[in-house]
Amino acid sequence: MSNKIRWGVLGGGGDSLIGIVHRVAATMFDAYQLVGGSFNPNIEESKAFATQIGISTDRIYKDIEAFITGELALPEAERIQVVSILTPNFLHFPMAKRLLETGFHVICEKPMTMTYEEALILQTIHQKNETIFGLTHTYTGYPMVRQMKEMITNGEIGEIQKVDAQYYQGWINPIIHDKEQRNATWRLMPEKSGISCCMGDIGVHAYQMLEFVTGQKIKSILADLNHLYDDNQMDIDGTVLLRLGEHQKGVLRASQIATGEENNFTVAIYGKKAGLKWEQENPNYLTFLEDGKPIRVLKPGHSYNSSLSLDGTKLPPGHPEGIFDAMGNIYKGVAKAIRGEDFHPAEFPGMEDGIRGMQFIEKAVESHKEGNVWISLL
Amino acid sequence: MSNKIRWGVLGGGGDSLIGIVHRVAATMFDAYQLVGGSFNPNIEESKAFATQIGISTDRIYKDIEAFITGELALPEAERIQVVSILTPNFLHFPMAKRLLETGFHVICEKPMTMTYEEALILQTIHQKNETIFGLTHTYTGYPMVRQMKEMITNGEIGEIQKVDAQYYQGWINPIIHDKEQRNATWRLMPEKSGISCCMGDIGVHAYQMLEFVTGQKIKSILADLNHLYDDNQMDIDGTVLLRLGEHQKGVLRASQIATGEENNFTVAIYGKKAGLKWEQENPNYLTFLEDGKPIRVLKPGHSYNSSLSLDGTKLPPGHPEGIFDAMGNIYKGVAKAIRGEDFHPAEFPGMEDGIRGMQFIEKAVESHKEGNVWISLL
Amino acid sequence: MSNKIRWGVLGGGGDSLIGIVHRVAATMFDAYQLVGGSFNPNIEESKAFATQIGISTDRIYKDIEAFITGELALPEAERIQVVSILTPNFLHFPMAKRLLETGFHVICEKPMTMTYEEALILQTIHQKNETIFGLTHTYTGYPMVRQMKEMITNGEIGEIQKVDAQYYQGWINPIIHDKEQRNATWRLMPEKSGISCCMGDIGVHAYQMLEFVTGQKIKSILADLNHLYDDNQMDIDGTVLLRLGEHQKGVLRASQIATGEENNFTVAIYGKKAGLKWEQENPNYLTFLEDGKPIRVLKPGHSYNSSLSLDGTKLPPGHPEGIFDAMGNIYKGVAKAIRGEDFHPAEFPGMEDGIRGMQFIEKAVESHKEGNVWISLL
Amino acid sequence: MSNKIRWGVLGGGGDSLIGIVHRVAATMFDAYQLVGGSFNPNIEESKAFATQIGISTDRIYKDIEAFITGELALPEAERIQVVSILTPNFLHFPMAKRLLETGFHVICEKPMTMTYEEALILQTIHQKNETIFGLTHTYTGYPMVRQMKEMITNGEIGEIQKVDAQYYQGWINPIIHDKEQRNATWRLMPEKSGISCCMGDIGVHAYQMLEFVTGQKIKSILADLNHLYDDNQMDIDGTVLLRLGEHQKGVLRASQIATGEENNFTVAIYGKKAGLKWEQENPNYLTFLEDGKPIRVLKPGHSYNSSLSLDGTKLPPGHPEGIFDAMGNIYKGVAKAIRGEDFHPAEFPGMEDGIRGMQFIEKAVESHKEGNVWISLL
């Protein structure tokens, strides 16, 4: 039997993007084995999806209660150890509650709950058990975010005197100006997404990031939120003034109507000795600004980084981590070819590329050795 | 039974980085199921590795011949369909040769062979069979490289008049100046890495990329290579002049002694109407330069991209594809916690983050509603 | 007689940086002729400076009253037409007041006055006369800022829904943490720099820029300022929430303790159709973000720019405007050489560079014509 | 009498861009006084231009011979000391020759001559006299280029092992594809621009820059040039292989058909210890790549720069040198207003900006002091 962690998943079936992200993430360090779950409210679809992704249908359950009953009936050595909750937001709380009560470890998508009150209930249950609870504020997993945190912890910027976070998107813009659309989008419905749209969806990422990298708590806030049409008053933009200490201030800005912005999430922390800045759209660069010295730009994988940062780096310097994706695309193309599906010849390099490559190498060496002369390729 | 493709792997065991990259890539589109292979020259280590990554040891073979014999003995519906070759370079040719001869599809790491002659032999065998052969020139898998190719194909830059590729690294620099090291590094030994170091390792990527994006063949070359010490004359730097047509010229530059460079691979193609530029270290940006118009920067996932590009994009605009890696790191941290291993509290966000996040959202809305007043956080 | 505008200057003598900037600016379009003024409180130093910069000492005056009396005594066709006020801040108001009262055009450094009340007095005087009053909020002179304004005016981003300005510097940081220094710096003394340090010095630039590019007035503000030590409570950091209309909000952030920042002044305006962004440290780039289209980057000098922008561009595309400065440095080096002063041989290229350049050109053509062969240079 | 250098100019009259650049540059350090010259082949136009730019017509000459005769007739203390040659290329040599022969210092636009032979003649004359000869390879005047040179001189990158320069423009592209235009453009006529177009115009800048920053001579070259149409065979693109030493190689690339490129001039030097990179379009950034350390980015004006670099910096850190230009534009607008010409209200900030600015500052402080409350602006 594998020594991998036995892993279950609730939600995330079909084409769910978040389902793919979690499955790929679970593969990366060879630590998890997906053995069951409930991907879909419909048990048949759930089983079909299990088959599609290559796992047995034996431990596919119709709902969370069936899941808990079924797994608890198994010997502990076979039982699923940790469950990822990838369902719609309003199900995070009841599912996490039941799983923690019955002794499962949990990895929960953000937001943890619909309300602060629910969050406190979950905390109480969690404190009684010795289970692990992970919340996927994914951005803290970037090597350079970890490095930023460690440098601040180690005093490299000195006492903090200013914090600044921005999370600007424009995706709601085309929706908000159409009355029908804005009242039919779940993110803009309080019953489905909670009390807040912009702060609940992205402002909270910026908030968590500021507390993560500084290691300090934000003590008080003053918010100014915005909506554009009175028939839907969910916030889609806002600025929050922040106080971390008497003279430690900051500001958090979030918007979903910053037209044309994609996922422009930035964080800057300025201390008595230096500043540190990071941008999510270019996550491999950490800028270190020290008074009177050249700007320094740190990148992942170098030995000057902290062990926390290096532990999260899988590739040598200069390879954007996205290389996994490039390779994934090539595998996808080969899969299409094997299955006899239509594919574009550009989806994967093949024999011809190999031939030409070897010819190039040999002819390049030959041209050089013969005194830098022109040589034709076949 | 899963409808995934039955996949085998030769090499890539233990901590092999390329092994991880291929396994993660194979996961991304739920298309492959790893069922067997030979990860290691030592069968016991190979089996231990199989267990570690959660697959059965039944179809772990001691070598390629055992692999072929064993798999051919199985019914076709169970037999491994495609094999990835991740072994040292000198084994690529003999392994690919045997697999193609016996009817397997192959995904082969670059370089395909040690010599051009071997490459031609492989081609002959491949042409006789109806097998799929994929060569992992990974960079062609990037969505914006695919978009670049499609735009050129569609005439958006007009007839090509200049091509330019650079692949600058500095990694050999600390090795080359130490006599002992430079004569003990496999990449600098002809018997292990072939006739060329710099051109064979990275120049060929630049060459393949130029032919890939332009859709044209390079017709002749003039090379000037360089080495720094006469006791090791493998090229570690070089420039190659290129001719694609009578008045279509270009240049390819590659170096492993461009001190301080990480993986600075760039490609620029200039046509009669416009130019296109791409950089591997910032792979989500494609720059389009059209005479007399603002510079345009294309990014993945937008509907203005070609279907070839969109097919290789898994995330909405603005998420660097590396988000998989950030999530992977969080899963890694949770795994350590579950297994009772030491872990840094920053490795994954948890309950406290959820509590504080929900509090933040509610208090932000409250501060706003009460007229932009300060509210303390607990 | 020249048809240039007769120009006088108050202040800006000696090594004053702002003096140099104004004199160079006045040269650029051949429109001004410096004929007199009062550069220094000490008349002898003032005259010596006039001689140094090559103008007659005839119309150098001991103070503003002497200036006004002397100039008014001259025939109108000889009289100074416009006066630049480059003195310390507290003199701006009294000098501008006297000049406007006596019929001179004025170019005044920022801030216009020490208080809002003084500003209103000046306005009253100005409205009575038909004089020109220019205030050097210099950043509005950049071609791409002008282009941004024009695009907004022309409706290219649609109705404005969010404005955002940042002006982050770190220069006060090394001063503020030293008690002696922070209480000896004029910028931190209310009697010399007015009621505010950070908002008065740089926040007001950001404010003026927002109103400049949007063409709208900011209707109300909510400010949160910061100081670090209670023995000097001048603001050195702050965030100001902004309202332009009922649902048009924004935020202005300014800091002089953003450690390591130089002059990081940015402005972003998001409208119903698109967004526009500009950064002062890279002033030749204007980013245009339109929903669902590639990012567009506009640069100075292209015909796609507005006439307002093109009127402020002096160089062809691709030459950063700083080329004037590079050329200025070369002239400086030649001047040292002519005067027999010490100079570094790198201060200006000379004969040897010309020789080698001509040789290079001829040998490059020769190498090419002879079939791409190596040719030695002498 | 001023202690400025008495300066004459040949050429550069009317709207000549190069004329403006030289006049502004000469102003920057208050070292030159323009006293005469010959701006135009037509003496009347030359005098009108003198009046326009505010200098006396007394020492405006009909041609270079009249200039020399006239100036030599004056007492040495009044005589023009240095002459800038801004005429068409073919006049550089005869003018420089006559001026050097007769004892004037010379500042000459690039290219120095039409041929290498002429260059050698000039050198011979120059060596006989004790005159100063400056050649405006302007890019060497940038503070960060000077810093690059100094760091290499000081051994900060160690022995050089690779040099790389690129100068890519696209401006000839729209000309070259039109038969009439390509045969009517002076840059493409050998009789007007010499033996080479691309190498002569921009390749030589890259060449001079490489020798400037490295302090080494390029010993041999191998060139491959390109043209697109056989009816005009002037090179408009080319690559030149370079050798500085036995194992010190490099490459220089220049193009005027790199469609869409503006003035993309870059230089990178890699040594045994580190690399240095600079780009002309972003001239305030110098990138320093040292093995195993964070990337460092140096900017002008900081005390970590060499004195050679600091001597060429006129502004505090963070102000792009182009600030002169922004200020120049504001002066231009004020000049239009004073002269009663049409102007756009956005051409210069004025009274209203001053009023609103003072109001903003006072209200920001008030909002803060009253406990962060909203305050309306008038």
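We call the chains A, B, C and D, going by the order they appear; numbering starts again at 1 in every chain.
Just so it is clear, contacts are C-beta pairs under 8 Å (C-beta built on N, C-alpha and C of every residue); 3 or more make two chains touch, one makes a residue touch a chain.
On a predicted model such as this, the values are computed, not experimentally measured, just so you know.
Within the contact network of the assembly, the step distance from chain A to chain C comes to 1.
Among the remaining chains, the Cα-based centre furthest from that of chain B is the centre of C. Put simply, the C-alpha centre of chain A and that of chain B have 21 angstrom between them. Measuring from the averaged C-alpha position of chain A to that of chain D gives a distance of 48 Å.
Each chain gets one centre point, the mean of its Cα atoms, and the points for chain B and chain D are 43 Å apart.
Residues of chain A found to touch two or more other chains are 222, 224, 241, 261, 288, 292, 295, 299, 372, 374. The touch graph of these protein chains is complete, with an edge between every pair of chains. In the complex of the two chains, the chain D residues touching chain B come out as 157, 161-162, 164, 170, 173-174, 177, 222, 224, 226-229, 237, 239, 241, 247, 249, 251, 253, 255, 257-261, 268, 270-275, 288-292, 295, 372, 374.
Touching chain A in their complex are the following residues of chain D: 222, 241, 288, 292-299, 302-304, 372.
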